[in-house]
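Take this structure, written in C-alpha cells, and hold onto it; I'll ask about it next.
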Amino acid sequence: MRFACPFRAAAPALALLLVVGPAWAGTGPNPGDTAWLLASSALVLLMVPGLALFYGGMVRAKNILSTLMLSFIAMGVIAVQWVVAGYSLSFGGSPGPWIGGLDRLFLSGLTPETLSGTVPTLAFAVFQGMFAIITPALISGALVERVKFGAYTLFIVLWAFLVYDPLAHWVWGEGGWLLRMGALDFAGGTVVHVSSGVSALAAILVLGKRRGYPTERFIPHNLTMTLLGAGLLWFGWFGFNAGSALAANGTAVLAFVSTNTAAAAGMLGWLAAEKVRFGRPSALGAASGLVAGLVAITPGAGFITPGWAIVVGGLAGLICFRAVCLKERLGYDDALDVFGVHGVGGAWGALATGIFATVGAGSLITGDLRQFGVQVVGVVAAAVYAFVVTWVLCRVLDATIGLRVSPEDELVGLDQTAHGEVGYSL
Amino acid sequence: MRFACPFRAAAPALALLLVVGPAWAGTGPNPGDTAWLLASSALVLLMVPGLALFYGGMVRAKNILSTLMLSFIAMGVIAVQWVVAGYSLSFGGSPGPWIGGLDRLFLSGLTPETLSGTVPTLAFAVFQGMFAIITPALISGALVERVKFGAYTLFIVLWAFLVYDPLAHWVWGEGGWLLRMGALDFAGGTVVHVSSGVSALAAILVLGKRRGYPTERFIPHNLTMTLLGAGLLWFGWFGFNAGSALAANGTAVLAFVSTNTAAAAGMLGWLAAEKVRFGRPSALGAASGLVAGLVAITPGAGFITPGWAIVVGGLAGLICFRAVCLKERLGYDDALDVFGVHGVGGAWGALATGIFATVGAGSLITGDLRQFGVQVVGVVAAAVYAFVVTWVLCRVLDATIGLRVSPEDELVGLDQTAHGEVGYSL
Amino acid sequence: MRFACPFRAAAPALALLLVVGPAWAGTGPNPGDTAWLLASSALVLLMVPGLALFYGGMVRAKNILSTLMLSFIAMGVIAVQWVVAGYSLSFGGSPGPWIGGLDRLFLSGLTPETLSGTVPTLAFAVFQGMFAIITPALISGALVERVKFGAYTLFIVLWAFLVYDPLAHWVWGEGGWLLRMGALDFAGGTVVHVSSGVSALAAILVLGKRRGYPTERFIPHNLTMTLLGAGLLWFGWFGFNAGSALAANGTAVLAFVSTNTAAAAGMLGWLAAEKVRFGRPSALGAASGLVAGLVAITPGAGFITPGWAIVVGGLAGLICFRAVCLKERLGYDDALDVFGVHGVGGAWGALATGIFATVGAGSLITGDLRQFGVQVVGVVAAAVYAFVVTWVLCRVLDATIGLRVSPEDELVGLDQTAHGEVGYSL
Amino acid sequence: MKKIEAIIKPFRLDDVKDALKEAGIQGMTAIEVKGFGRQKGHTEHYRGAEYTVDFIPKVKIEVVVPDELAPAAVEAIERSARTGKIGDGKIFVLAVEEAVRIRTGERGEEAL
Amino acid sequence: MKKIEAIIKPFRLDDVKDALKEAGIQGMTAIEVKGFGRQKGHTEHYRGAEYTVDFIPKVKIEVVVPDELAPAAVEAIERSARTGKIGDGKIFVLAVEEAVRIRTGERGEEAL
Amino acid sequence: MKKIEAIIKPFRLDDVKDALKEAGIQGMTAIEVKGFGRQKGHTEHYRGAEYTVDFIPKVKIEVVVPDELAPAAVEAIERSARTGKIGDGKIFVLAVEEAVRIRTGERGEEAL
C-alpha cells in the first residue's frame, strides 16, 4: 500500500499492473502476496509483545507488569477500535484530504472476496490495524511508572480517533493531502514514529516527571528482557517494512534487505558513540541502537539501497544517542526515550528518505530537491498536529479523570496498586 | 483442510476448485499456499514454547522447569508419534467413521510431489502434527506441580492414540462421522480445546489436588513469562486458525482478522469482569482473557465476521472468567485452569460458531437451527469421549506406575527431584 | 539454493525448470517462493536472539549481558560485512573454486528486478546473510565468560572474511570445489556447524579455561531462558532448513517435516541417555538434544525422509550427549559445548546425509558409496581449514590486542566490567 | 529485650507467623537464607557435569521481644516450625540492649 | 563495640547510607528482608483467588561501631529513615564481643 | 555460645564452608548481602545516565558455636576467606544466650 498508493491515486490501473507483476492473471487474490501480507501482519502483531518486553526490562521491578500492560492493552482496545471505526476513518471511501469516510465501520462490505490490488482487502485492513495498535503502545514508554492505567486506556482510544486515524489518512489514505503532495513514507516514519515520538513529548509535559527523577536511581531491572524485546522487534520489523510493499515482490525484498542492514548499522552507530563517550559499549546501547536504525529506515525502506541503508542506520544510531543524552539537560522525563528514539529517529528517517532514495523515487542525491522539501513538510505537519492534539487531550484528561497515580502508589509500584499483582516471586 | 473437508467429502472436485482459486492451473503445488501452510506450521510449533511460558509463569519457582518440560516433551514424543502412526490413524485411507487406516505409517507414500489440494500432502501432515503436539501440552496445565514426568510422558503418548487421533478423524478425517454430519470446526475447537479441557478435568479427578491447595499460597512466580507466553500464543494462533484454510486465500484472511479481533475482545471481556469483581484489571487477566478469546474463535474463525468476532471473543472473556472463579467452589484443583479456559471456552466457541457463522456456513442468526444442533452434538460427543477415555486411562496408569510424585518431592519441588536442576540462580 | 545449486552448476536451465515448478511462466519473481524466502530469512534472523538466550541461560548471572552481546554484535557487524563484501566473496561472479569475485561489493548490481531462479537475488543474498551472521555467533558459546568484547568483535569480522566466506563459496558458490565434487549440504551442516564447532575448539585452545574451571560451580543461571532460546531456535530452524530450498515447493516441505522430526528425536535421544546415566532426564538435556537433532538434520533435510530423520535425530541426541560428557576428560573448557553439539553433530549430520539420503540424492542405503566418500571429504576439508585458520587468527589476536579479560574482570563479571551494566535488579 | 533468631523450613513461615501473632508478638522480620547442616543436600546435573548442592533454602525469622515474652516466643516457634524431620532448624536467643521505633523515636520495649 | 541493626523502608537506603557516612561510619552491610508489623499489607488477586500479603519488602542495615559512636549512628539512622508514616521500622542495638578484619587480621575497633 | 558473623566475598563461600567443616562445625547459614566499605564500587551507564554503585555483593555467614570452638572458627574463616585484597570483609562475634534444635527440642550446645 505504502508503495502502491502514490501511484494508485494517480493511476490505479498502472499501479495494479505494477503490483500484480507480469504473471498474475487471476481474478482471485494472489496466494503468494496474500501469504506474505498475512505473515507480515502476524510479525507486526508480535512487535507489540516485543515492545512490551523492550520497555518492560528498562523499568524498575515494581512496575514491570504495569509497563507490559500499557502495550498489551493497546492490543485489546485498538484492535477493536480499528475494526469498529479506525479502519473506516483511515481508509474508508468518500475520501477527503483530512479523514476517511464511515462506509467501512465494522469492516462492513469487506468479504473474503473483496480485493485490493492482488490481496484481499481484509488482509490490508488487518495489516494496517497492527500499525494502529503499536503506535500508541510506543507512546507508553514515556509514561511508564506513573500513568494511571484506566486514564491511559481511554487516552489511547481517543488518540486513535483524533491523531492516528487522521494521520494515516493524510499519508496513506485515498485522497490524503500528504499522499497527494507526494510525501514518501514507505512504512510509517511519520505516521507511526514521528507521531508517537512527539505525542510522547506532549504527554509528559502534562504528566510530569517520575517521583525522584533524576536524583534517584532509575536502573533497568532486567536487560535480558530488553534484549529479547529488541530481538523480537527486529524480527517483527521485517513484516512492518517489507510487508508494506503489500506484495511478495522485489520492492518487498529491497525493503527487507535495507531494514536488516539499517538495524545492524544503527546498533554499530550507537555502540560507537557509547565507546567514545563512556569507554564501554553496552547491551542497552545495542538494543537502543538497533531500534533507532529500524525506526530511521522505516519511511525509506523500499526506496533506499542496502548500501545507503548503512549510512541511514549508522547515523540514526549516532543521532538518537545524542538525542537521548540531551534529555537530562532539557529536564523533562521521557522515561524510556520515546521522543529521543522514535521522534528524532523517525524525523531523521523521513528526511533521510528525501536524501538517499534512489529506487522508484527521487531525493537529494538524485537531484530531486522538491522531494526533500515535501519530506520536510510531512514531518512538520505530522509533528505539529500530533503534538497539539495530544497536549490538549492530555490536559483535558488530566483535569477531568486525572492522568497520574497518587505519590503513594507511585512509591509502592503500579503492579501492586493498579493491578493487584507482583511481577516476580522467584 | 478444516474448511475444505466438509466440501471435499461431498464434492472433492468442487472443493479443489474453490480452494485452488481461479488462477491456479499448475500441476505442482501452489507456492503461495505452500508458503502460508509452512509458515503456519512453524507458527503453531512456536505456540508450544509459548504455552510452556504461559503456564510456566503461573507455577511456583520450584516447579518452573518441570512445567516447561511438560510442554517440551510433547514436542518430543508426539512429533515422533505423529510421523510413526498418528497421522495415519487420523487421516490415513480406508476410511471408517471412527478411525483412519494404517497406510500412512511413517508417512509412507507421501513424497514431495504428493499433493492435497494445492499443497504438498506432507505440508498438511506436518501442520496437523503441530495440532497433535499442542493438544496434550494444553492438558499439562492442570497437572503441573505434582505429576510424575515419566508417567505423564507415557500418558500423552497413549492419549494421542486413544483420544486425539480418533477425534481428529471424526471431525476432519475423510469419512469421519462428525464431518459427515456437517459439524463445523474450522481450526480445532472441539478436537483441540474441548478435548484437552475435559481431559484435564478427568485427569485431575484421578490425580488429586496439589498439597496445600487451596489454603497455601499458589502465586504465579513470574508473570512476565506468562505475558510473553500469551504474546507468542496470539502470534502463533494466526497460524493455527488462518493456516487451517490450507491456502493463502480469502478464507485464511477472514480467519486471521476474526482471530485477532476475538483475542482483543477476549482480553477486554476478562479485564472488564475483573474490574467489576476486584476493582482492578490484572496482567494475568489480560493474558487469560486473550487466550480465552483465541480459544473461542478457533472453531468459527473462517465462518465468522470480525464484527461478530468481537461478540464471540468478548463473551469468551466473561464466560471463562466466571468458569475460573467457579473452580474454587467446586473444590477440584485445575491448577492453571485448563478446563475453565479451554474446556469451557472451546465449548462456547463451538456453540458460538453455530450461532454467529455467516460466511460459508449457516447458524442461528441466519436461521439455520440444524447447524446449531450439530454443533451441540459435536461438543457433547467430543467431551464425553475424551472424558471417559482419559479417566480410565489415568486410573490405569495411577494403579500401575503411579501418576503422582511423593509428598516430599512435591514439597521440595519437581525441578530438583524430577530433573536434578534448578530454574534460576540469579 | 542449497538444493538447486548442484543442478544449476551443471544444468542451469533444467534446475530453473525444476525449481520454478510446472506452472510458473512469469518473468517477475514468483510471489509464493519470494514470500517463503523472506519469511525464512526473518526466521533465521530470529535464531540469533534465540541463540543468545539459549547460551545466556547457561552462563552465570554476572556474565549474562556479555553473553547476549556476543550474539547480538554478530547481527551488527556481520550484517554490514555481508552487504559490504561477504556476499560478493561468497557468491560473486568471476568464479574460482576457492573464493568468489568482487563484483557484488555493496550488493551492487542487485536491483529489485534481478532474479535468481524464481526469486529476487536480493532475497537470496539476505537469506544467505543470516547464515553468515549466526555462524560466528555459534562460536561465541565456547568463549563466554572470559573473552574480550572488542577482540571478539574483531575476531568474528576477520573470521567472516577468512573462514566463512571461503567455505560458503566452496560448498554453495558457483564453481566452488566442494559443490563441483557433488558434496551435499542442504542447509549448512559443514559451512555452518562443522565450521563453527571446530573453530570454537581452535579458539579455546588459545583462550584457555575459565578461571576456576572445572573445580568451581558453573551452574546455568536461568534455564527458562535456555528453553525459550531452544524453542526459538526450533522455530527459526524451519527457515534455516526449509528456506534452503529457495522456493515454497515439495523439497521445502520435505525439509520442514524432516527438520521437525529430527529435532523431536534429538530431544528424545538425549533425554534417554540422561535417564540411563543420571536417572533423570533434564530440561537442559531436552534443550540440548533438540538442538543436536536440528544440527544433524541440517545438511540432509531436503534429502532425507521423515522416517529416517527419526534415526538421524535420535542418534544425534545420543552422540552429542556422549561428546559433551567427553569434554571433562579431555580437559578443555568448551564452555557451552559448541564443539560437542555443533562440531560433532554437524559432522554426524553430514555423514548421515551420505548414509540416509534417498530423495533426490544417493547414499549408502541406496548403494551410493561415492556420495558417502564425498561427504567425508567435505567434512574433513571444512574442519581442517576452519581449525587451522581460526587457530592462527586467535594466536595473532591474542599476541597483539589480547583475547582475554583480566582475572579481576573475570571474577567480577563481564557485564559490569565490559559493558558497565548489570543484568538483573529484581 | 531478647532477639530471637529462628532458621526454619520456608514452607512453615506462615504457620510460624501465625503462632507468633497468637503469642502476642506484633512485628517480625523474615529473610531468605541458605542453610548448611545435617540435612543433606542434593545433586544436580548439567550436561555432563554433576554438582552437589549443600546449601538448602531456609527462612530466618528475627523477632525482638521483651524479656518476659521470650520463652513463649521460642515455644511458639518450636511448635509451629516442627515437622519432626531433619533440617527443621534452630532457634537462637541473643540479648538486645536497646530498641528504637524510627517513626516515633520511642525507646525500649515501647518500641517493639 | 555495638552492632546496630536497622530495619527501614527500602527507598530510604541511600539517605541512611549517606547519613551514616557523615556520622563517620565507613562500612555497613545491607540485606533485603520482608517485614511484618503494624503497617498493613495488601491484597493480590490471581484469576479467581485473592491473597493477603502481610510481609512487606524492607531493607535491614547492619553496622558495627565502637561504643562511643553508637548513639550518633542510631541518631543518624533515625533521622534519615524517618518518613513519619507507619512502617518506618526499628533500630536494635546489640553488644559485639570481637571484630576482625579478614584482610589484615586486625582485631577490635581497629577492624571496623 | 558465640554467634560468629562473617561478611566475605561471595566466591570464597565454598572454601569457608569447607574450612568450617574441618574445624568441626556442622551447621551454618549463609545470606546474600550488599556491602559498603573501603572497597570502592563501580559506575554503570544506561543510555545517557551514569550511576555510581557503592554496594557490592557479599555473602554473610552466620554460625553459632560453643564458646571453646569460637577462636578456631574465627581463625578458619579468616584463613579461608582471605585474598589479601581490599574488601575481604569482617568477622564479628556476639554472645548467644540460648540455642534450640526445633526438631528435638534440645537446648544449649546440644542443639548446635
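Residue numbering begins at 1 within each chain, and the chains themselves are lettered A, B, C, D, E and F in the order written.
We adopt the following convention: a residue touches a chain if its C-beta (ideal position, glycine included) is under 8 Å from a C-beta of that chain, and two chains touch if they have at least 3 such contacts.
Remember, it's a predicted structure, so these values are computed and weren't measured experimentally.
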Given chain D and chain F, the chains that contact each of them: C, E
Target chain F, source chain B, minimum contact steps: 2
Smallest number of contact steps required from chain A to reach chain D: 2
Homomeric contact chain E-chain F: same or different residue positions, threshold half: different
Chain pair with the higher count of C-beta pairs in contact (C-F, A-F): A-F
Geometric centre distance via CA averages, chain D-chain B, whole Å: 46
Averaged-CA centre spacing for the pair chain B and chain A, given as whole angstrom: 33
Distance from the mean Cα position of chain E to that of chain B, given in whole angstrom: 52
Junction residues of chain A, two or more chains touched: 24, 30-33, 35-36, 39, 217, 219-220, 222, 228, 248, 278, 280, 282, 284, 420-422, 424, 426
Junction residues of chain D - those touching two or more other chains: 31, 44-46, 94-95
Full enumeration of touching chain pairs: A-B, A-C, A-E, A-F, B-C, B-D, B-E, C-D, C-F, D-E, D-F, E-F
Residues on chain F engaged by chain C in the complex (per definition of touch): 11, 14, 42-46, 53
Touching residues on chain A, where the partner in the complex is chain B: 24-36, 38-39, 41-42, 45-46, 48-50, 52-53, 56, 64-66, 68-69, 72-73, 75-80, 83-84, 106-108, 111-113, 119-120, 122-123, 125-126, 129, 149, 222, 225, 228, 248, 415, 418-426
Interfacial residue positions of chain D with respect to chain E in the complex: 1, 3, 17, 26-31, 64, 94-103, 105, 111-112
Contact set on chain A toward chain F in their complex: 58, 214, 217-220, 274, 278, 280, 282, 284-285, 288, 324-328, 337
Chain C-touching residues of chain D, taken from the complex the two chains share: 44-51
